[in-house]
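Each of the two complexes below includes subunit A, the first together with subunit B, the second together with subunit C.
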Partner chain A sequence: MIDLVAQSLFSGVLSGAYYALIALGLALVFGTMRVINLAHGELVLLGAYISYTAEEKLGLDPLASLPLALTLVVATAMAVYYLISLIKTDRELNSLILTFGIGVILTNAVLMIWSADIHSTTTPWYHDATILFDTLFAMQAELVFAALGIVLVGAVWWWLEKSWYGRALRAVASNRDAAKLMGVNPQLTEVLSFAVSGLLATVAGVAIYTAKVIQPSLGHHLTVKAFIITVLAGMGSVPGVLLGAVLLGVVESLTVTLASSALQELAGMVLFLVVLLLMPSGLFGRAKRRG
Partner chain B sequence: MNNSVKIAVFLALSYVAVPLALGSNTYVIGLIVAALTIAGIAVAWALLGNLGGMVSFGHAAFFGVGAYVSALLTLRGGWPVFPAMLMAGVGAAIASVATMPALRLRGPYFALAILAYAEIFRILATELKPVTGGAAGLLSIPRLPNVLGLDFGSKLGGYFVILTIVVAAMAAYHLIRRSAYGLALKAMHDSEDATRVVGVNSIVLKAWMLMVSAFITGMVGAFNAHYINFLEPDYAFAGQWTMLAIVSAIFGGYRTVSGPLAGALVVYLVDQLAFKPILPQGHQIVLGVLLGAMILFNPGGMMSMLTAKFLRKEASHAA
Partner chain C sequence: MSKSTLCVSAVALSLMLGLAPADAAELKIGAEIPLSGNLARVGSAMNEGIQVAAEMFNKKNGKHTVKVLVVDDESSPAKAVGAVEKLAADGVIAYTGGYGSNIIGPASEAAEKLGKVYITSGGVASELTKRGLKTFFRINSSEGYARALMGMFSEVGIKSVAVVYSTKEATEEVAKMLQTGLGAKGVKVTMHAFDPATNDFKPIVHKIKLQDRPEAIAMIGYENDYVGILRAAKVLKPDIKTIAGVWSLATSKMAAEFPDLMENVSGTSTLSYPAVFTTPEAKEFAETYQKMFNKAPDYLGIFGYVQSKLLFDAVARAADAGTIDKGGVASELRKTKTESVIGKVSFDEAGDNPEFTHRMGQHQAGKVELVWPLEAATGKMKYPALPW
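Moving on to the complex of A and B:
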């Protein structure tokens, strides 16, 4: 039993790493634009499917397909940004509906191009098992992408804390007008946040393609998970996002181990509602009113 | 044309002309019934969106609860169908009480909290096997009955039932909007804080709108259950119901009473007749495009666009 729980904690942490990539992208865009990009999960999905095609048609290893996937997904993210920037009035609600529509478009485009079959990498190395500390089991893909995920989250954190552009982005997120007066171009930070969010989404997509299975309806679920994590994390904290992601991953995998896989989503949703309704600033965030 | 003439023409068209012209064509009537089912949810969604100022991504929750309440009352409780459908509305309204803590959330938080409720209800319906039949679903749900020689169980009979639900929902939307509540709600939309200051309890108002919206959606869900005689959790709580309703309401114009209905008819029929045949997989991409284009270029929707055109024409005549 202890072994089972330890194993599910470990698997949960590994899923948390790529959840964090997805949630961080969503949170960055929300920070600069005050827009929840409901098509965010579909960007992840797009990255995953491009990686699939690259492997299937060009024989590229999923990691080697990253440059191609990055180019296309970031370009799509830019298109999403452009469309959102066209909204003139009531941006909070209209952007929600617009990005919801873009999500529908992307999901159906994926369905049209790649059909509804499920896919996963055909490179056997990724699915080989590794045993850590004699008891913990992981696929090699999970380890590779968990490591990559943590490095990337760290890099984004460093970028936001230390670099000029990262700080400009945080400045816009905390006070747009003041940032403008200090010579920051808010549009540029918005574009940047979308580009970084597309980058993180791509890596997450390739991670899901290699470590899990992909199918067209996945995008919507990923968006919801990412939103749940940002709520758990509270806005404005990168380590919070990582912790929230790991928490969601662990809660999900413990539910699967101790109850049933049918209840996996339920656990996440209940956790989400409890935190949303009872803890207005999330678990790790700075105080901020949502009501 | 004044309003009462417009309403009379609309009622004559929908209750007399459409059945006379298309009544024998079960395929077309079937499509229109499906479009009206969407329209019912769309009106409910618009009522909450316009009057309550809240965008919901989880109306499938109320649709599914209504469907299950009515199906179970008739199957297990031996209730007649029409009273069971009314109770389905009540059941969905009660379910909406469970979602009310979410009312103090704003914008995206409310929208996605409701989505979480829809998911939770779906999983509960799947897991509560002794009551709901679980993932296998409920079979042979009683069809709509024969009343005074009118067979509501036929396609055309179903048309009259769902049409009446939609018309009643539109009337409710119109009356609430015109009432003192409507005024308070409109004020709340402009500035919630200012409205609170002058003594309007905005949370209570929103809660009422949520209940009315859930009631309508539950009735529509119940209608659909008796119309197709079959239910399963993944179908009853499908995100499709919410998605189609949002596209219809936005496309038609959710701040107008007729917009959601017009939107549902156009969106659903265009999708099914024009795009499904040529794009069997992924034809709903068109819905995404319609939704995005409308919100970008004309957030008021189709009906406001037509009205604006009409007014311009009248103005130019006058000049």
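Moving on to the complex of A and C:
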């Protein structure tokens, strides 16, 4: 039983790091622009399919396909931002409708271009087993992208906290007019936010193509998962994304081991509701000041 | 009138009659099918079979032609009902298509209310034929899949099986049939349900490895589930003798896409790969399919073809008898008793095909060999044999 639970915890942590990679881009845009990009999952998916095409047609390793995928996904993210920037009133609500529509268009574009077949990398190395302490099993891809997920969470956190652009981004999120008076260009910082979000979506896409299986309808599920983690984390909290994602991964994994896999999605939603009930601002969210 | 003028007139008249028979008709058939959403791949493959059936019917039947109107149900039950109603408004006589028992259920009920026949091969849940519908027909059923899997396990004398199954209606039903059927034969069966959104199967396979210790794993799910389970099994290497599944597994697509995972894995299959077509009809089907889609047919295309061919023939017979508006299509389908590309087909009162039994194929060196039943086998079953 100890072996089972230990493996379950290990799998949960790996899944969590992978979830964090998916959610980070959404959380960044949500935290800095108050825009819930419902097309984020589709951007992740686009990154995955470009990686697939690069491997299939050019023989590139998924990791080597990152520059190509990055260019196209960031360009698409920029197009999404441009459309959002055209919204003049009630941006929070209208951007929801707009990005939902963009998500549907992207899903169907993926379906038309790449058909509905499932795909995953054919590079066997990524699926070879790694055994730690004789009892913990993982695929190489899971370890690579879990490590990358943790590094990227740290990098984004450092960028937001320590760099000038990161501070500018937070200043715009906090008070757009005041930031303008301090010499910050709000549009430029928002463009930057979307570009970084596109970068994170690309890495997440390559991770999914490498460790899991991709199909055109996956984007919506990814957005839902990313949104749950973003809310769990607390708006704008980057460390919260990692903690929320790992918590979700571990709860799902333990549910499979101790109860049934059929209940894992339910367990994730129960966790989501419990956290919202006890901590309405999320795990790392700031409570609203009164008065 | 001179003799020559009379001759020319007669030839002209006969030609005109030949080109446009008095009672010839273009028969509109509706195809309600998922071309987008999570069932897009299977729906698209089935649609290809439907188009081939129409092409072959129009080429062969000198009297009638069929026109297939396709509406995408977007893998959604509500949209499927809307598609059925839209197609009725467009004047279709009957429906072919449908994928997923949860989608076919409401769609076929809408067709019943409209008094139009609905034929499918995409929903195997037994509930579908227990509703007392007079216009619902299908050429396959859960029992046929479960029978094939149990037949293969019995042949090699498996004593214990871990069944890993998706909680969708059809997969759960096949899993329960396996549990009952294998249990009755004294085989120890352990059940592991998983949510369709599951993408990490290591915790399940680890439980199987450490707690169940079975001789075989049976996977009842879909393509992405099989890949997840096989990858988890390849990492954890449970001490089993064979691993098998049902639909969408023993296919050329899986052999080509996941060669590192598929070796020695078995699944239900109508054909070996590369396919060997023996009957004239099957050969013509394969040639037409290749010509239209520039690829070899897969099992979904074959099922789509068979269900549509049977429907087109029944509609044509009903048109000849002038009974299309009087329930003639359903009556003609009920009279069907034929040897088709997937084996014998007939329909009972509920619209089920009691003759349906699947075959088992095994991935062997990039090919799929039929290994069960023996009379249909194209190769010898490898046992014990695993993908790792």
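Rule of thumb we're sticking to: the second predicted complex is superposed on the first by the 285 of 291 C-alpha atoms of A that agree within 3 Å, B and C clash if a C-alpha of one lies under 4 Å from a C-alpha of the other, contacts with A are read in each partner's own complex, and residues count from 1 in each chain.
By definition in this document, a contact is a pair of C-beta atoms (placed from the backbone, for glycine too) under 8 Å apart; a residue touches a chain by one contact, two chains touch by 3 or more.
Note that the structure is a prediction, hence the values are computed from the model and not measured.
Q: After aligning the two structures on subunit A, examine subunit B and subunit C and state clash or fit.
A: With subunit A as the common anchor, subunit B and subunit C collide in the superposed model.
Q: Check the residue A:V256 against both partner chains and state whether it touches subunit B (first), subunit C (second), both, or neither.
A: In the superposition, A:V256 touches subunit C alone.
Q: Now for A:P124: first (subunit B), second (subunit C), both, or neither, which partner does it touch?
A: second
Q: With the two structures laid over each other on chain A, which partner does A:M139 touch: subunit B (first), subunit C (second), both, or neither?
A: Touch partner of A:M139: subunit C, not subunit B.
Q: Output check: A:E265 vs subunit B and subunit C. Expected answer is one of first, second, both, neither. What do you get?
A: After superposing on A, A:E265 lies in contact with both subunit B and subunit C.
Q: Give one of first, second, both or neither to describe whether A:Q7 is in contact with subunit B, with subunit C, with both, or with none.
A: second
Q: Based on the superposed arrangement, let me know which partner A:L86 touches: subunit B (first), subunit C (second), both, or neither?
A: Touch partner of A:L86: subunit B, not subunit C.
Q: Just to be sure I read the superposition right, which of the two partners does A:L111 touch: subunit B = first, subunit C = second, or both, or neither?
A: In the superposition, A:L111 touches subunit B and subunit C alike.
Q: A:N94 in the overlay: touching subunit B, subunit C, both, or neither? Say first, second, both or neither.
A: The first partner, subunit B, only.
Q: Find the residues of subunit A that appear in the contact set with subunit B and again in the contact set with subunit C.
A: Comparing the two interfaces on subunit A, one with subunit B and one with subunit C, the shared residues are 108, 111, 115-116, 262-263, 265.
Q: Please give the residue numbers of subunit A that touch subunit B in the complex, ascending.
A: 36, 83, 86-87, 89-90, 92-94, 96-98, 100-106, 108-112, 115-116, 220, 224, 227-228, 231, 262-263, 265-266, 269-270, 272-273, 276-277, 290-291
Q: Across the complex, what residues on subunit A touch subunit C?
A: Subunit A residues touching subunit C: 3-4, 7-8, 11, 14-15, 107-108, 111, 115-120, 122, 124, 127, 129, 137-139, 212-213, 215-217, 221, 253, 256-257, 260-265.
Q: Okay, in this complex, where on subunit B does subunit A touch?
A: Those residues of subunit B that touch subunit A are 55, 57, 101-102, 104-109, 111-113, 115-117, 119-120, 123, 126-127, 239, 243, 246-247, 250, 279, 281-285, 287-292, 295-296, 299.
Q: Would you tell me which residues of subunit C are touching subunit A in their complex?
A: 36-38, 40-44, 75, 167, 192-195, 197-200, 202-204, 206-207, 210-211, 223-224, 227-228, 231, 234-237, 253, 257-260
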